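Consider the two complexes below, in which chain A is the common component and chain B and chain C are the respective partners.
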Partner chain A sequence: MHDVVLTILPLLFGSFLAILAGWTRSALVYPLGVVALALSTGFCVKLLLGVLSTGTATYLLGGWSPPWGIVFVIDTFSAGMMLLISGSALLTYLAFRAEIIEGFAEKTAAFVALLLLTVAGHMGIVATGDLFNLYVLIEVAALSGYALLGYGSGRAPLASLNYLCVGSVGASLYLLGVGYLYILTGTLNMADLAQIMLAAPVTASLHGAVAVILFGLWVKMALFPFHGWLPGAYAMSSPVAAALLAPLTTKVMVYVVIRLLIGVIPGAAIPEALPDVAMLLGTAAIFAGSLMAYRQIDQRRMIAYILVAEVGYMVGGMFIGNRTAMTGAMLHIFADALMTLTLFLALGSIARQRGEMVLANMRGLFRTMPFTMAAFVLGAMSMIGVPPLFGFFSKWYLLSGALESGQYLFMVGLLVSSLVNVVLFFRIFETAFFDEPGESVRDIEHWSRVTPLAVAAVLLIVAGLSSGLIVDRLIAGIIPASLI
Partner chain B sequence: MKKTALLAVILTGALLILSMENFPSWGDVQSPASLHLSRHFIEKSYEQTLTPNLVTAVLGDYRGFDTMLETVVVFTAALACFLVIRLPRDVCTPGLFYYRHTRTGLVVRKHDACELPGENPTFERVDSDWPPHDVVVVSTCRMVIPFIQLFGLYVVAHGHYSPGGGFQGGVIFAASYVLLAVSHDLRTLVHRLNERVTHLLSAAGVLLFFGVGLFGMAMGLNFLDYGALEGVLGMSLASGHSLGILLVEIGVGMTVTAALVIIFKLLSSRGTVTEGL
Partner chain C sequence: MYSIYSIQPFLAVAAPLAAVPGILSSRSPNIREAWSFAAALLLLGLVACMVPAVVAGHTYTWVVANVLPGAPIAFRVDAFGMLFALVASSLWVVTTLYSIGYMRSKNEHAQTRFFGYFAVSIFCAVGVAFSANLLTMYLFYELLSFSTYPLVAHHQNEESRKAGRKYLGFIVGTSIGLVLPAMVAVHHFMGTLDFAAGGIPLGAIDPTTMTVLLCLLLFGFAKAALMPVHVWLPAAMVAPTPVSSLLHAVAVVKVGAFCIMRVVTDVFGVETLSALHLNDVVTGAAAVTMLAASLIALSQDGLKRRLAFSTIGQLSYIVLGAGLVTAAGLTGGMLHIAMHAFGKITLFFCAGAIYVATGEKYISRLNGIGYRMPWTMTAFLIGSLSIIGIPPTGGFLSKWYLLNGCIDTGQWLLALTLLASSLLNAAYFLPIVYRAWFCTPDQAQHAGPMREAPLACIVPPLITATITVILFFYPYPFLNLARLAAN
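And now, the complex of A and B:
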């Protein structure tokens, strides 16, 4: 019965214990993180199986029933998201064992605690059924994220400060909108709010509240033109923090918007012009992200700009307004998280051997690190959208959805960005395959780094092949029948 | 650039003001906010939690999970400061160190000597930009600090009846330590409350909050259900809730005190936690 909350509690508990351990028995800190993440992942699997067989699970925190207390509400889609978050965090944590233990010296405990807190925050955002609780969880996830990204050499603190300023603006706008909604409806519980908003008169204030909330979330998810913080934050920071947060933060924010659109805010409350603006921004994000990715020298920064384009995919997909496109946007959350994870894990391993991630440093990688590169190729192919990898299927749904509604510019954007990805990744493959590695290169592939990476890469194929199953079991039941 | 920014600010402000046109008027008893949740809290919360201060009942009990996460945010803030600005222990700044011979009051200057080897009773380290001792300031603060701390404890404990609670009390308690550092020097504060103690205290505070939640689960109820305290010391259900709120407020107070002291020490010493101000 406690499955819902047990997915998050081990992470919170683990982070408090990590600090205690850090000042008393520091050797225990890293294993503590493994145990916390593994427990959390285990309970997520259990929760997903439970939700699949018995339907939506609810948990009353403090035993107070809604709308007076706070509830966690887990349906099939959110259970899938929870598993995605904890699983990808676990893989990252295992793959970067050496960096976490050596790279932070006496600060390992603080780093591990913050890492667990940020994972807990992201999972809570997915689980909660209360608008204000969502804000507090955004704070937990974001604040620990800023610290993780801010620890690094060179300009990492500056990039993180930039992220902090922009992120705080986004979170404040969201909070302001929640305040508006509370004034207008008197409740914070999502289900209760959905009921009241259906009956509430549609006024300028209601439109304003919805617009402010969505605007704040767009800033948090780095939708073009609010993407300025993302490339710096993910390209300058330590590889651990980037590989942990790049698959999570933007995807979780996309999840929140989808949750609000399909479950809370009725169609009448959304300002009329908003879907058009969103489509415009989404399409612009795809073009701008692809163009800027093409101009990057640092490969991590390049992938960060591809992420900007991917956010455009999802925002466009959810605002097209038909069932196929919405399915595509929801499926793409999973696909994008998995392929970003694969690419960042692979780049992290390569960066440990070769240093700075410029093209010239990637010569001969296929010969010296074959397994890492094989996984990298899978991730890249998925980004491009090659069947039978996961990225192909979500992109296919998005394309068909756009075709149904006649959003041709968006379709062109999807195709152009795929083509740009082809150019970008084949540039890397060419250098890594044909050029000779330098004389002094001594690359090492250790099984402890390759295994998590291989799991992520194989998952891309497995999830791709079973994407029909994912749509049927996890996604289809969540989209309201009114959306055709 | 500045003009564009100003224009954007004015435009956004105007839009926000326009969007307020349908708000209920100030203090309207018929507004949705006063009809829906608040009515339930006003009518039921004393009966359910034996806490006359409604705000405390809502924050500490009905929305206790939010409060726990807010405490975690404070805890995170301290960790974030530690991770980002704490210098490694073997880095010596500012590179010049002053030691005072305790008997004669003679001050010597040394390069590259953060710590004198072993416990050295004849020399004590003084700040490089060290202001002279002021007897009036030092003795006044010494007298005032215990009363500030007592007041902090009172604010933590009295949150059930008056404005107050763990956050406010914790800040007052931490302020007494800041006053100690300002009136003496940072080293005196570090001597009283070293890094290890403050970090352990900050984790212990959130653990206490968390532990109250886990106790609920251990007794077969939901996480953070203070109803589990019913029967402890012969309490009724409502006074169990009241006790639960007190316990979590104490946890909040511990974390807030420790976190603020950690942040103060790090910021004032530029990350060395040895000297500063």
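And now, the complex of A and C:
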């Protein structure tokens, strides 16, 4: 199965070629990125179809067999994630053509190269079957991500530096935990590790290793109260970087934790109190995220805080400890990524016309940018959880799973955050609907921006209607039968 | 009695939606309204096509997507759903005509948006009628809430902004806060959300949980405007009158009552509810709302506000019918969906016609209006008689069945409440009629000669008023469907 490597290779080559082109033929830089991302997306589709028909694919890099060689393992869930990452990156890249070409002057080539590199990193995180490679790829994705987020005016570099400091702490903790596990088991290969840990005696050091790993990943995914880096990073940076990374980074980290929970770390190795702590933090994240989102003036920042709450959804879902809730957490990765993408693409288009994303700048948008606002409404409805949009169905599984295990506070959190989202988004809709746009407003909706946005928005409906299929084909087979 | 697997329900539901691109892209208002008419007639035709089979006891089903285990997005046309769809689709045709007259006479802005969202709202209402399970019903219920918001807030001024907030706050707040968790719980306990005649078997869920679930669903469907979640309805009267007439007398509010009826008959099941005596919760809430709303209506001077409180009272008749859990009571409740719709839409049409012709909104300023607008006020009289329940109008029949339902079960208190409410209805409607015709020349604020509203505003109320009378003598499609559904 070379398809696995083929999904990532175009991005790495593209990244390299973009730098070269930057020195010689700068007009080629942007199209190179399009080609790389389109190729990658195409191979992801092929990979997904292949995995759906023939089952889990394993690729040994250089032919070295595990547990020593580098190994990529792709099942249906990770193939879905790969497609999600490359597809959403492609849509972002297409939508922000103008910003990428004009916005960064002579640094465009570097921007494109970093962008392709971070996408490759995120895809590698999903694909790898090795804990140490996972660390390396987390750093690849993160370091290029910090640089991308640093592009931008005003406080963007500072916010990115803040993210770098916190993110490095998270990654270091993860590495520390992996080190402990290596000492305890002598292996880093996930499948191998799962076998050994199942037989290994449960000791305090094992518990410690697992706790440190999870703690590190929580920092990386911005779980409350380690969320401090997220709003700044996604609200201060250029809209391109925000729209690229906001749907991906936290979701990919959630993916990693789910991968470890259902495929690597056996239940006994998880410290007894940890699920309770996770539930508590997840629930707290929902309430705190919603409350802080309510208090924001900048609307991009507002959505960033909604993301903090959404991380709470997923962490809660995966630690409730039943099949329904785990399904919900896994489905919500896709749903949250897609609706965040839609909202950030729409806000990006609006910001280009109106500048700063405060409410006062959103007057009369329904009249001047009807298509962009229609897509924004769909994204918002999905965040609120209105059927048949995607966000409703993952929320349903989470609610249902919480009820099954008697996690009533978490249920209340989910409902409250939905209601707060109604208020948050209708604040925007009211302003955009009732208030007159100023005399000087000359909004332009160009098809090249509207099309990628429309694709993302329509996907919310299509994916919602096919959520039964997604759960059946991509998710249900991945959750171990022992989880009921 | 068999089930027909056919795409027809899906086509019927989608018919109004098909008009939306046409409405939005039309160059001239006439073409735009032609799209509305075409879609309305198409919808009516598709719905009417299914009537014979449904009256014969068959059902149509169609699965759109298997989204959740035990809860697909699916349509099922049974007698009760057909009754509501028939009411909504036939009145959409009349209302389209009325909207054209009203919106053009008032020279309203954003008429394209208005007609577009109107079509979407009807799509949602028919979707609710044809839903096969609670999830599908919730889906269309939610979509209806959001798609009517731009209609309620049509005027885009400070008042409509406030009304819009109240509208969404109550309706979406209750549906997400109350209905959603109840639905998740029902799915958790039963594994399915399908509507089934038996409902939840006795003992499957413990009585306390059942009580909580019933209350969540009863007040969660706030479109039925049971007190205390009725506040949005009077506020929503800031909308243009065609919206008030079709949506806030027929489609939206009836969707709420329809949902409650569905929940009682096909989710909980009448046997289970009456065995646990939970139907008393339903009738209690209905009785309180009925009397309180009628009393408040007495003191309202705004014509549309008085009509709104009257609607709140009348909706609880339907809920009362659901709570009676006898064949007669259920028949009465279901029949009242149709009877009240035709009566109340007539009244709203008249209120709008008066506003178009004279600009008057308050009852105290209608002295002598009967001489100036005799046709309108005649239609108003017939509509009032139907709401009060005086023969020969359709409203008499549904009240008759409801009263029978009360007496069958020996609930004399409820029977008295019904009668008292009818008296109150008379007390708040007849003075308007009296004022219109019988006042001394020096009191008269309006006088002849006849200067009616434009024809497009006069013909619709006359049509619906005529139907109201016809329904007394020939109630069969609705009565048959209601009887079929109640048994």
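Just so it is clear, the second predicted complex is superposed on the first by the 484 of 484 C-alpha atoms of A that agree within 3 Å, B and C clash if a C-alpha of one lies under 4 Å from a C-alpha of the other, contacts with A are read in each partner's own complex, and residues count from 1 in each chain.
Please note the rule applied: a contact is a pair of C-beta atoms (placed from the backbone, for glycine too) under 8 Å apart; a residue touches a chain by one contact, two chains touch by 3 or more.
All values derive from a computational prediction rather than experimental measurement.
In the three-chain model built by superposing on chain A, chain B fits alongside chain C with no clash. Of the two partner chains placed by superposition, only chain C is touched by A:M381; chain B is not.
Using the contact criterion defined above for the overlaid structures, shared-chain residue A:L415 touches chain C, although it does not reach chain B.
In the superposition on chain A, the chain among chain B and chain C reaching more residues of chain A is B. Legend: residue contacts after superposition of the two complexes on their common chain; A:L274 is shown touching neither chain B nor chain C. After overlaying the two complexes on the shared chain, residue contacts for A:V441 are found with neither chain B nor chain C.
Judged by the touch definition given at the top, the superposed model places A:L206 against chain B, while chain C stays out of reach. Once both structures are fitted on chain A, no C-alpha atom of chain B lies closer than 40 Å to one of chain C.
By the touch criterion stated above, chain A contacts chain B in their complex at residues 2, 5, 9, 12-13, 16-17, 19-20, 22-23, 59-64, 67-70, 105-107, 110-111, 113-114, 117, 124, 132-133, 136-137, 139-140, 143-144, 146-148, 150-151, 157, 176, 180, 182-188, 196, 201, 203-209, 211-212. Taken in their complex, chain C has these residues touching chain A: 64-69, 72-73, 135, 138-139, 142-143, 146, 150, 153, 156-157, 160-161, 164-165, 168, 172-173, 176-177, 180-181, 184-185, 187-188. Across the interface of their complex, chain A is touched by residues 15-16, 18-24, 31-38, 40-41, 61-66, 69-70, 72-73, 75-77, 79-80, 82-84, 86, 88-89, 196, 199-200, 202-204, 206-207, 210, 214, 216-217, 221-227 of chain B. Residue ranges of chain A in contact with chain C, taken from their complex: 381, 384-388, 393, 396, 399-400, 403-404, 411, 415, 418-419, 422, 426, 430, 433-434, 464-469.
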